[in-house]
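Labels A, B and C are assigned to the chains in the order they are written; within every chain, residues are numbered from 1.
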Amino acid sequence: MNYNSELMRKLSDCFSPSGRENNIRELIINEIKGYADEINVDALGNLIVRKKGNGKKILFSAHMDQIGLIITHVDEKGFLRFSNVGGISAKEILGLRMIFDNGLEGVVCSEEIKDKEKITMNKLFLDVASTSKDFVKNNFKTGDMCVFKSEYYETDDCVICRAADDRIGCYILIEALKNHPSTDNDVYYVFSVQEEVGCRGAKTAAYQINPDLAIAVDVTDTGDTDNGTKMDVKLGEGAAIKIMDKYIITHPEIKNLLTDLAIEKNIKYQYEVLEHGGTDAGPIHLSREGVPSGAISIPTRNIHTSGEIFSKSDVLECIKLVIEVIKK
Amino acid sequence: MLKEFLTDICQTQFVSGFEHINGDKLIKYFEPYTDTYEKDKVGSYIFKAGGTNNAKIMLSAHIDEIGLMITKVLDDGFLSFTQVGGINPASLIAQDVIIYGRENVFGVIGIKPPHVTLAEDRDKTVPLDELYIDTGYPKEILEKLVTVGDVATVKRELVSLQDDVVAAKALDDRACVAVMLETAKELKKISHKSNIYYTCSAQEETGYRGAITASYKINPDIAIALDVTFGKAPEMGSEVPQLGKGPAVCLGGRFNPKLTKKFIDTCNNYNYPFQYEVAPAATGTDTEGIQINREGVPCILLSIPLRYMHTSVETISLKDVEITGRAIARFINELDNSDLEEILCF
Amino acid sequence: MFLKELTELSGVSGNEYEVRNYIKNKLKEIGCEFYVDKLGNVIAHNKGKKNKKIMVAAHMDEVGLIVSHIDSDGFIKFQAVGGIDQRVLNSKVVTIGENKINGVIGSKAVHLMKGEEREKSIPIDKLYIDIGTDSKSETEKLVNIGDYVTFKSDYVEFGEDLIKAKALDDRAGCSALLELLSMKLDADFYGVFTVMEEVGCRGAQTAAYSLDPDFSIVLEGTVSADMPEIKDHSKVTSIGKGAAISLMDSSTLYDINEVRKVERIAVENNIPYQLRKSSAGGNDAGPIHKTKDGSKVVAISVPCRYIHSSVNVASINDYNSVVQLAKLVILDNQKGE
């Protein structure tokens, strides 16, 4: 299997912050129709794609949404005030270009602040590059969302793009679905909504599906950069099998299942202990009576910025591991 | 008997998420007093003592304990680690630990000596990511014994202090698992009508996760949650529950007022000492999950006073455990002989 | 090797009787002449070939705590005996006094601390020992002001060749000295087990005065900062790299010719050694080399991580190197002309 640059570029370029996942949902539906037995969209907007079987119900989840900003106020001078949607820190976005669904752009500017450490969201505003109040009024409304403007870029082995969190997870599930192996298992590919604001979509999807086991596919941090996070995950060292994050301690059977499959099928893997953050597996494993759950993570540097970096070979290892779980 | 149980169970590893490894030990202790058991999907162990009516009473005490998780195998036998649940790094310095790897590996956590420590640093706590476990193995050997994701705890045997006071790690919340065992023994002697579910809940320390799914599964009519609370020690107010004076009955919106009153009346009628504790909102106990399970579950919360919470020298009075265990058995007996629906009716 | 027995004894500075009694019994078993001086030092004499008067010293005492007050609820306040970093005291099991009353060191639960408080380590005067009583009178029945308090910490062998125990500083030296005395070397030397090193090398001073040695060897457990993220030049000594030979510390400039001689002996006999790379710290060599007309002195030490805490860590190989090297240095000094 080769890495499909065009598909990932499309997924990354697609505008869909949390709660506004319609674009990405359409894109994925177009991509996978013909491969699915059933395609449903639930009340919150989760895309639930099923490959029927009589065996175990397996839920895979990758979230479609991305972090962004929401316009809270359009002021009389034509500047836009905003709040964050998902984990964006005020200290890290000054000067960044943001883009709206309609293609218009703005740049993050700050009030005059001497101590940059003291920057908070309410000192920042978006300058949309127009002195015409009418232009601003006609094109921007309170409640509009924007996301990082960032162009997809790749080298032989790695990719820089926005929203790799978690479009790369979506990519992996799409590829797994297209290569769905023959199996008795009843497999649900969930492209979930609103993960970035608290894994909300996964919660309702899990309740509805009530699976026997669940695996989230999402990005994780790495510890391979200079003076970076102290963790053992490295880019290019294979699929990361999650052991723990803030929302879940991986069920022992899932940890063993993934590890055994990786060893048996010669899939490159590493263990992940993430001290901050969580994934869809959090709410899923606490659904109803509980669901044995875990996660396959794509090692990714610079998460929640406009330039997230992952390795193509890691992605291919993750796909292999997902397919092996389906077969099992 | 009680002390032997606590000595054994406190020394045993039940770090959040890793409760299954030593689950057999729980089964051994609870089986003689219960009819069936189930291990749920998040790791809780639910022991059922069947009754003669349809009422379902859930008792919940968490079996898990805070612990350490290995994040990296370093050179020269050192390991870096993070916490599972909330650990005070200050309590880890200069402790023996056991890493539950391929085999149990002994290690110690030390800090830098004075000549490489700035004077002002002595006044600060050492953050978790600046502490290491020292195992004494070369990296090549250590990597075969320990993997990222393995857990560790402080190595500590239960220590007997004066009177009925004992100190150990993980008395939060094994003290209350012991309470359940006491209750189970008492109830075994009398025929109880309700179905009792003794729940050794998993992953309380990482967000009462076990209680959420266990209560969904049991779907109880009422629940008695058991946890520890801060016991009186220096620098604490006079309102704080004291060791040896019985359980602290928690009052606040999380708890059903009539059920709580029924428990208090039982204690008063049968001369079981108890104390009060007030929690206007969140309690950080299993009740957080149980109360809002399905259509809702009326709860009460009883707490064993404990000093030095979340350290390896958690200190309790065994007297409190005995009193609480018996008081609950009597309370259940009282409930069996009253109209539960009427009690729960607002 | 007597490390397990020795480290499990209590011997906080000024209260060394358990260690002293153990050593006295051992010396009787070995059949070595000894006496106890007025401060409580044990002075043993190994008779043999003699060119000069040699004193070999190791201190019996360890750092610990002393009971200073019993509060109205029966909790025990204490002070440190010797240099103890306040950060190593949190959540320790201790034993108090001759009756070995169990206690735990408690402090405010972290949950109850406000943000800033959490960043700070708890000073000794805010810590206390809990023995499970609930009144002053009950505690007073069991514990007296002035009782000495020792850490409870088992001797454990772990890793490839490491040991963990309390008081390796300086029971490692005591054990080595007992071994040297039991070898019955044909070389004359006085083995001195000193008191109160940790509170100012008091015992060594009087022992040196009464013996007036020409040459002295101090056997110590010394600091090792051999830990992650510490640069090599700051490690002082490294565990597993052999016996540590001192060049200088805050109380002594070791005679460089003697130091080179010890190095030479180590090299010639393939004994692993390292030079102690720091001028901080001090030991019995300080008073010994300055008493009366002075004495040449060398210090040979076992590197210990986490010294002055309840979990000292040392290498058995290093310990054996110290014993071997000290033996050869004694023999070399008393060999016939």
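In this section, a contact is a pair of C-beta atoms (placed from the backbone, for glycine too) under 8 Å apart; a residue touches a chain by one contact, two chains touch by 3 or more.
Note that the coordinates shown come from a computational prediction; the quantities given were computed from them, not determined experimentally.
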*Between subunit A and subunit C, which partner chains are common?*
B
*Farthest chain from subunit B, comparing Cα centres?*
C
*Taking all protein C-alpha atoms shown, work out their mean, then name the chain whose own C-alpha mean is nearest to it.*
B
*Quick one: report the Å distance separating subunit A from subunit C, using the average Cα coordinate of each chain.*
57
*Distance from subunit C to subunit B - Cα centre to Cα centre, in angstrom*: 40
*subunit A and subunit B: spacing of chain centres that average the CA atoms, whole Å*: 36
*In subunit B, which residues are in touch with two or more of the other chains?*
80
*Using the touch rule from the top, collect the residues of subunit A that touch subunit B in their complex.*
223, 230-232, 243-244, 247, 249-252, 255, 270-273, 275, 285-286, 288-292
*Once bound in the complex, which stretches of subunit B touch subunit C?*
74-78, 80, 86, 88, 90-91, 93-96, 105-117, 122-126, 130, 132, 134-138, 141, 156, 159-167, 230, 232-236, 242-244, 307-313, 315, 317
_Touch list for subunit C against partner subunit B, complex_ = 71, 73, 75, 83, 85-88, 90-93, 101-112, 118-123, 126, 128, 130-134, 138, 142, 152-154, 156, 158-162, 164, 223-230, 234, 236, 278, 280-281, 305-311, 313
*Contact residues on subunit B for subunit A in the complex?*
16-18, 20, 40-43, 69-73, 80, 82, 84, 129, 147-149, 203, 206-207, 209, 212-213, 216-217
